[in-house]
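One chain, chain A, links the two complexes that follow: it is found with chain B in the first and with chain C in the second.
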Partner chain A sequence: MKEIDARGLSCPQPVILLKQALADQPQTCKIWVDHPTARENTLRFAAHAGYKADILEQGGDVCLTLSKK
Partner chain B sequence: MVGFDTSDDACVYRISGDLAMIQTVDFFPPMVDDPYLFGQIAACNALSDVYAMGGEPKLALNLLCVTSCLGKEVVGEILRGGADKALEAGCTISGGHTIEDPVPKYGLSVTGFAHPSEILRNTGARQGDVVVLTKPLGTGILLTALKADFIEMEQCREMFALMATLNAAAAQAARGLAVHACTDITGFGLLGHLYEMASGGDVTIRIQAGRLPLLPHAQEMAAMGMVPGGAYRNLEYVKPYLAVSPQVSRELLDIAGDPQTSGGLCFALPEEDARRLVQRLARRNIPAWVVGDVTAASSSVLELMT
Partner chain C sequence: MTEKRARNRLILAGIVIGLIAAILVLLGNPKNMGFCLACFVRDTAGAVGLHQAAVVQYIRPEVIGLVLGAFVVSLIFREFKPRGGSSPMIRFVLGFFVSIGALVFLGCPFRMILRLAGGDLNAIVGLFGFSAGIGAGVVFLKRGYSLKRTYPLSPLEGAWLPLVQVALLALLVVAPPFILFSEKGPGSMHAPIITSLAAGLAVGALAQRTRLCMAGGIRDVILFQDWNLMMGFEAIFVAALVGNLILNATVGGYFNLGFLPQPVAHSDGLWNFLGMLVVGLGSVLLGGCPLRQLIMAGEGSSDSAITVIGMLLGGATAHNFGLASAAHTITDGVLTGGPTGGGKVAVIIGLIVMVFIAVLNTKRVAVSSVKEGAVL
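Take a look at the complex of A and B:
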């Protein structure tokens, strides 16, 4: 599974990385973010690109596991 | 006359029975590569606070932060943009101050004047008023999308033209009308500024999401996650006071919270006066939108409905 670590990055950087990762439409993809803006925006992009997200929170970090709808 | 307490757009000092002075300052880093356009936008944004208070800007001072690597030409273009907008506003730039800073910034400190009875406050919307907005929303979202290369400069042409448009004509058109509250829509987004407008009065402001004027591509870019952190912070701030109908889309809510750069004026005034305001603006080819109304206080200070 593709995995992106977008922790420490401010928006729109995490969404740019996610867009690149989803460009060839993988079945699944994992992205780590560490602030609410990145979490919300990556969730919006994932939904727009046709992915559903499982959200796992670990301390201040959030891991989104995306899979094709 | 107006100080810190109501988070108004500028402070107002009564000089005499028929003269009030309005003082404001605003500056920020570039949001666009073109230095002339940046200068124009920064000046429009700073001058806007005087218009939002019901005054005319008369004197301004440049505030400039530059890196040593920024060429003389670029600095000259920023200042030319500011000077052109000040000239258009009938405002004299009489000096300024420049310092070295790793992040360039530009803006103005502006002094304006008005008759004390003409001062417009950001609070005081009354039951029966309607809410009129003079520029479409979505600059924060589109600027984020530009930064991410999700959108082309060419697709944002309308936004840049509007950001470099003075709120002078909108303010002049409101003269003589029964404006109960006025503010310019900037960093707190439409909802943040309307929260201020409703506070103090025992009222609720109801916004019809479907009537909100939107910049082209703003909805699409919000859906793609191009929502700036400021929009989330604004929405978080108004959350305890805001009721949102379930039918309102997430994107429209994002846009209602989106921080605006050099946004439009927002007026609360009686329906008949609002009709005249919109007509006057239409004659000057300035669009204006009635986006909501003011009712007796309900359980929420703000309502966003379909």
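Take a look at the complex of A and C:
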């Protein structure tokens, strides 16, 4: 599974990395973010790209596991 | 929250913010300047003696309110996250030149929208420059531009800029003799302190909740064809336009369609374009416009706090060295004001410095680095 660590990156870098990772439409992908704005933006992009997300919060970090709808 | 609900919330916030901006002008702020973060931070710099331009010195309560509003709301919603360490000196330099670019245009992106809503067509030229700057920044973002990661810091580190705002509020209210207040010019024009503070707190809270960003809206459209953030931008314009038209019909003098004369503005198209080009590029390289930097500083970002300090020093420098433009005025048929020679040089230097920063911090992220368990 592709896994992206986008913690600590300014917007819109988390979404750019996610866009790159989803370019070849993998079945699943995991992305770590640590900021509410990054979480909202990556979730919105993933939904538009046709992925649903399982959200796991760990400390201040959030792990989004995306899978194709 | 569904996407539609988030968008509606952003539009509603934009409408409220646009109306607040119009009301602040009615209550005393300079025309088309309900909010201008570059101008207001510059005014505060003058009030504490960092520059000696007597007409632009006032501790603007709107700025205090923006930071404190974002601070309080982020605490309530558990989004106060003290963090920093992402290229602070580069952010300082970017903030410095963003401020100078804005003062050559005579307004930050927020005021650019408000100028447009007041009928000032020079702001359209500024908007083209701003969009071009954002487009240039997006080119670097796509190629892997990054100022590197932020890291968690102590709560006190994240709380410094809000604490400084409390001190500034005390200085504004007590008004000791060493704090300078303009007796004429834009610095002398302001709504009552309590109104300006309340307006700042409200807008700070709304901007924190909605992630409103003047640069982010255009950036997201170019990058992802995502129009969500743009809705806030557009709602502010429409609400301020409606507010101005109502005030114009009732009080008069709030809407004047054209290039000249316009309040606190000049009509030199090239430098309106280039000034805002620097602001657009700098905002993308920073990850947010001047408003967003103030809000993120309130949320605990010491990187954004350093950016605001850069803007403060940039504003002071712009007036210490005659870089800020003067408003165009026509007296007895003679046009005076406009951008200065020093301001033009500073904008070009700012552009070169920003491109230099962008190139040196751009490293293409190989596709393989986002594969299988990779940590970037």
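Definition applied: the second predicted complex is superposed on the first by the 69 of 69 C-alpha atoms of A that agree within 3 Å, B and C clash if a C-alpha of one lies under 4 Å from a C-alpha of the other, contacts with A are read in each partner's own complex, and residues count from 1 in each chain.
Here is the rule we go by: a residue touches a chain if its C-beta (ideal position, glycine included) is under 8 Å from a C-beta of that chain, and two chains touch if they have at least 3 such contacts.
Here the structure is a predicted model, which means the values were calculated and not measured.
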For this session: Scan A:T42 for contacts with chain B and chain C and give back first, second, both or neither.
Result: first
Seminar exercise, completed: The answer to whether chain B or chain C touches more of chain A is C
For this session: Give one of first, second, both or neither to describe whether A:G60 is in contact with chain B, with chain C, with both, or with none.
Result: second
For this session: Applying the touch criterion given at the start, work out whether A:E3 contacts chain B, chain C, both or neither, answering first, second, both or neither.
Result: second
For this session: Return first, second, both or neither, reflecting whether A:C11 touches chain B, chain C, both chains, or no partner chain.
Result: both
Problem set entry | Partner chain in contact with A:Y51 - chain B first, chain C second, else both or neither | neither
For this session: Please write out, lowest number first, the residues of chain A touched by both chain B and chain C across the two complexes.
Result: 10-13, 15-16, 19, 35-37, 40, 44-45, 47-48
For this session: Note which residues of chain B are touching chain A in the complex, please.
Result: 144-145, 147-150, 222-229, 232, 250
Exercise. Where on chain A is chain C touching in the complex?
Worked result: 1-13, 15-17, 19-21, 23, 34-37, 40, 44-45, 47-48, 60
Exercise. Considering the complex alone, what residue numbers of chain A touch chain B?
Worked result: 10-13, 15-16, 18-19, 35-37, 40-45, 47-48
For this session: Please give the residue numbers of chain C that touch chain A in the complex, ascending.
Result: 3, 6, 79, 81, 83, 86, 141-142, 146-147, 149-152, 211, 216, 219-220, 223-224, 226, 228, 286-288, 365, 367, 370-376
